[in-house]
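The chains carry the letters A, B, C and D, assigned in the order they are written, with residues numbered from 1 in each.
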Amino acid sequence: MTLRTRLYALLDPASHGHSARQVRALEVALILVGISSVSAGTVDGLPAEARSVAAAVTGIVAALFFAEYLARLWVAPESPHSHHVSAARARLRWMVSPEGIIDLLAVLPAVATAYGGARLGAESASVFVLLWVLKLATHAPGVGLIARVFHNERSALSAAAALFVIVLFSAATIAHWLEAERQPEHFGSIPASLWWAVVTLTTTGYGDVVPLSSAGRVLGGLLMLCGICVLALLAGILANGFAAEVRRREFVRIWELVARVPFFAEVGAIAITDIVDRLRSRSYPEGATVIRKGAAGDSMFFIVTGEVEVRIGERALELRDGDFFGEMALLDRKPRSADVVTLTPCTVLVLNVADFYQLAGQQPTLIAAIEAEAKRRRANDA
Amino acid sequence: MTLRTRLYALLDPASHGHSARQVRALEVALILVGISSVSAGTVDGLPAEARSVAAAVTGIVAALFFAEYLARLWVAPESPHSHHVSAARARLRWMVSPEGIIDLLAVLPAVATAYGGARLGAESASVFVLLWVLKLATHAPGVGLIARVFHNERSALSAAAALFVIVLFSAATIAHWLEAERQPEHFGSIPASLWWAVVTLTTTGYGDVVPLSSAGRVLGGLLMLCGICVLALLAGILANGFAAEVRRREFVRIWELVARVPFFAEVGAIAITDIVDRLRSRSYPEGATVIRKGAAGDSMFFIVTGEVEVRIGERALELRDGDFFGEMALLDRKPRSADVVTLTPCTVLVLNVADFYQLAGQQPTLIAAIEAEAKRRRANDA
Amino acid sequence: MTLRTRLYALLDPASHGHSARQVRALEVALILVGISSVSAGTVDGLPAEARSVAAAVTGIVAALFFAEYLARLWVAPESPHSHHVSAARARLRWMVSPEGIIDLLAVLPAVATAYGGARLGAESASVFVLLWVLKLATHAPGVGLIARVFHNERSALSAAAALFVIVLFSAATIAHWLEAERQPEHFGSIPASLWWAVVTLTTTGYGDVVPLSSAGRVLGGLLMLCGICVLALLAGILANGFAAEVRRREFVRIWELVARVPFFAEVGAIAITDIVDRLRSRSYPEGATVIRKGAAGDSMFFIVTGEVEVRIGERALELRDGDFFGEMALLDRKPRSADVVTLTPCTVLVLNVADFYQLAGQQPTLIAAIEAEAKRRRANDA
Amino acid sequence: MTLRTRLYALLDPASHGHSARQVRALEVALILVGISSVSAGTVDGLPAEARSVAAAVTGIVAALFFAEYLARLWVAPESPHSHHVSAARARLRWMVSPEGIIDLLAVLPAVATAYGGARLGAESASVFVLLWVLKLATHAPGVGLIARVFHNERSALSAAAALFVIVLFSAATIAHWLEAERQPEHFGSIPASLWWAVVTLTTTGYGDVVPLSSAGRVLGGLLMLCGICVLALLAGILANGFAAEVRRREFVRIWELVARVPFFAEVGAIAITDIVDRLRSRSYPEGATVIRKGAAGDSMFFIVTGEVEVRIGERALELRDGDFFGEMALLDRKPRSADVVTLTPCTVLVLNVADFYQLAGQQPTLIAAIEAEAKRRRANDA
């Protein structure tokens, strides 16, 4: 494994490995620090030392993003999308991809700081916030999922938006008729009324503009009611869309992991759907304690990749890809009887106690196989 | 196909075709432009040029709606509800239908502008906003769906409304007792207290009226709590109703499309329900790229109507109604190996990768048929 | 059927009949009118005529409630809970039931108005609002359902309430430390801070108290975030509880209606659960048009009680309890070919087109029976 | 059963018994009283007597928590996690557990009051609120459930948080550009703008800072819209997570209770999953009336532990662990024909009428066994 391959594994946005996730977390943290330091720099009354600290932090973050950009450019040929393509072409392709362009924009502050130096005012620096927020949008885990939900539900959401516009303009127009005479500065035109309408319909309620006539107040009350209905409707749309999309993503991810566990190989196609729905995946770094002796036994584990060591008193048992452990506590409903520690970074599939029992109802042969193995292990222990 | 038939296809509100949807989007955009220009016209301090631009835009939009009204009137006999009816009668029937009346109202601004000319003040023009908002309500896609959800859930919603009224009047009465002495201008009567109660219960909180006594503040706090409960309750009601209605509509729509794909013809009645639940439909204009070579293979497609061309390197393969494509990437879990471009406007059914796997569990024979076809195609390629 | 039996049928809160529901709607309307008139009476600047109109309306509503109380007392022995019990005992039992006590309280205004006459001030009358709101709570349809949901979810809701209290007091205490020096009048004690905390945590935001220090503003921001989380959590709890309770109630109600339709009698116990889940009930008064010729055929109907007339051109066909109609439009996917009008008040079970197709998948024999009947009818028509 | 065992049973946080739940409710009440009395003590204008009452209540609550701490320390060896461990070690282990540390912190006020006596100012006492709120967080039922939901959904929630940060900083930066000139005191720096942005994005809307320019108001309107979307998204995430976690917990709990009822012993593994999903558990103290004669029969009961007496007229029938009752009202759809009173504290499983019918569809043999027993009982009665 070359350095470039290893670096790509760390930077790969699709990787579920432990280190790659840490790199992503670090990147998000770095962006937040950068945004904060730029923001702090715009405060007028800041003492000179604080100001120079903020500027220094901004500079360091910008420099790190510059380094990251170069690193990503270097590893671009490792991407699975770049097979059968020359390295230069793969890099160019990454540069003009949406992610590449956003990362390039995030580098601009570094360039500006380097060239502009001390003469770059805090005001012009404030544009960095937007560039880095954009970077956050592509790197924060899960933002893609949310974007997908909005995309899937676009027809329902646009209907809700139409409803919002309909109510907003109707209310603004009627409020304009009712209140213009008494408060010409606030309701003198429809666009002016719109400000009141949007503040009311979203139930924000600044209170800078308030209807004074009785009719205006009745209209206001109805508008607030519409507001909570719109909010409730949006919540309903997004709740359903979110649940469906999460289920869909989880299924594919777990399906791929299940395919790597030999224990599930004999299970027929119908049964596997039941199983996939019930498993969750988890990743552990090397040396992590997966199970602690004496803890409540609320789940069992199937190893997808990696090695673990089961420590029962003085004895130690090694398990690796395809093995499972933790089933005894489920079968006996007792606390854990051993420590289990990872020897290498591990990815495991977790089966919760509730799902274990429900699976026992639907797939008795599968659970019987687990019980048989548990019996064999107990015999070995005795 | 006569001009009238073709025009009707474009204007048919029930059509899922690509062009018809573009016409609807255009109409919504036009309404929004019209509403905005009328609104802008009511601003007092507007420079004369801006004012005349707004007036001109309003006039143009009004004229276009007039033209649209005539077009809809002309094509009315093409409607499926007008079989065995004379053209004149079909047109009259459309004119007195709710949609026809609303479209007629939306035409009034055109008439008023034409006759009233320059003498028509911006103030009287502001009524156009309401007329066009009404038109938006009938033409915006999905507003009917939302109306249906409110109708389905009317009993639960009226219960929530009753709760709202109960809390509102109780709070207003008690606040009137507690605060009337200290703030007679705000809590001097129950109707006056109601304003505070509704502003608080919807958590809008303008802050123009605030309880000052300790007892009043405790009441206020409870009222805010009730407010978020009412909101939460509404969200729950609408979320459930929305999910149920969307599922119901999708089912019928997909069922009708599935019936046109011969591949599904042999599938028994029980199995078809599983399949319909998992398919989604999508429409493409002529010349669109459905699949791009090298992209991630996350779904397969069944052609309901239209023709596509599969481009593998130099060779090209034509597929039409009833054929399917994109299955290889699902079976092999590899990026797409070909471009697929539409030759005519197409409607396809899309089967997501997660649903493909779940279907593989529930309907193994169906997936076996797909695999057999894929094997045949691979043999052809070799 | 005696007058008392017929009156009981109208007043029975558990009845799903058309007239009984109209009586309930009337009662809700009457309560709302009463509340409004009492509220209007508390307005100081009201002209004398308006005031006397309000007082007259209040008096009439109170008198009607008095009459209603007597009527309910009279029909109490008809209640199914009063079998094998003397009429006097049944009435006494109703009087001391929660509903009886609340109805008695709602009568107090009538007594007070009759005795107090003109001397009864608007201020003392305002207590009527609370009494009538209480009556609304027992008579509004669905309020019991909502109360049940809150009861079912009490453990989850109390957890959310605990969270609310934890956040509220923590925020109030910390705000007291941070802001007491600068704003002693608003944050001088923890109870005083609580007002700000509750206004902020519920996102009401009056703006009468606002943190001024930077630390206080950070705290405020976090508090608002907690607020939307609490709201989201409540929405989640209530959404789930509501869906579960509605499903449970519908099932029992439809189950009882299905048991009365002979067509479903042969269906086995397993299948009936599928069917019950898909049916909805609807009630029609005498002479109502259930199906209009030419309309879209989106559902079929099973008659539970009552008689309908199918009008195909000149011919008319009578159907009664246990018959079904409207199936042809579903089978042929065409507009309705006949008018169907009720001859007596009717209760029917409705099967939606989407559910019809899904049932066709799960219960093919049932749909086959419907198709056979449709074929027989078509043969008769020909 | 020793005193220590019995005391442990009362204090065990995992116990579902009636007395243990009352102890927990008492503890929550005590914490709330303590928090209130400390809060009241910080009010400046309080009369001397009220102040001394508040101080006395605070002292008593603190002393009770001290006693509770000692009690919990004493019973620690009874915990199931402390098998094969010496009593001293078990106590030490509890002391350093999170719960033990929080309970120790909650004792500090007692110590401070005892030593500090009258000299301890109300201001320093206000820190007690935080300590006790912390204790509330560990003892309030259900807070652990909510914490678990937040943990399960952490990836989705962090995505929503990222979205929140992205919108917040973008809006603050743009608002800073648009409004800084006109309102330098409110929008002069990005951190200052952030206050407006967070108040607006959470739709709190204090109104202390309001955009004045047209562009700023458009930005504000968009920000409010984003706010209700974020709120809706959060509601969706938490609603789904909450439903899944509650289902999981209930399943395990009921599964364990079902295992103790012999009636369900013969049921196969597949069927038992159906049954577990439909049962709920309830606990009654000694002498409670489970069923009242004449009430509506809406559920049947299986006794897990305890004894009940069925009183039909003069005769009395005793039932104990594993028996069931209340089935006749379900089978006959009639009001209850007997009183059922508990003779000892009881835990029962409740089967709702709707679930009974649905189970009758899915598990006909089970319901047949219940009907057979009901027939035998009726024969005995005759």
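Some points to look at:
The rule is short, and it goes like this: contacts are C-beta pairs under 8 Å (C-beta built on N, C-alpha and C of every residue); 3 or more make two chains touch, one makes a residue touch a chain.
Treat the numbers as computed from the prediction; the structure is a model and nothing was measured.
In this structure subunit B contacts its sequence twin subunit C using mostly different residue numbers, the overlap staying below half. Note on C-D: across the candidates B-D, A-D or A-C, the interface recurring with over half of the contact pairs conserved by residue number is A-D. A straight line joining the Cα centres of subunit B and subunit D is 40 Å long.
Centre-to-centre spacing of subunit A and subunit B amounts to 28 Å, using the average Cα coordinate of each chain. Within subunit A, residues 191, 194, 203-207, 231-232, 235-237, 239-240 each touch two or more of the remaining chains.
Of all residues in subunit A, only 203-207, 232, 235-236, 239 touch subunit C in the complex they form. On the side of subunit C, the complex with subunit B involves touching residues 28, 32, 35, 38-40, 42-44, 126-127, 129-130, 133, 136-137, 140-143, 145-146, 149, 164, 191, 194-195, 198-199, 202-208, 230-231, 234-235, 237-243, 246, 294, 333, 335, 352-355, 357-358, 360-362, 364. Touching subunit B in their complex are the following residues of subunit A: 80-81, 155-156, 158-160, 162-163, 165-166, 169-170, 172-174, 176-177, 188-192, 194, 200, 203-207, 210, 214, 217, 220-221, 224-225, 227-229, 231-233, 235-237, 239-240, 247-249, 251-252, 255-256, 269-274, 276.
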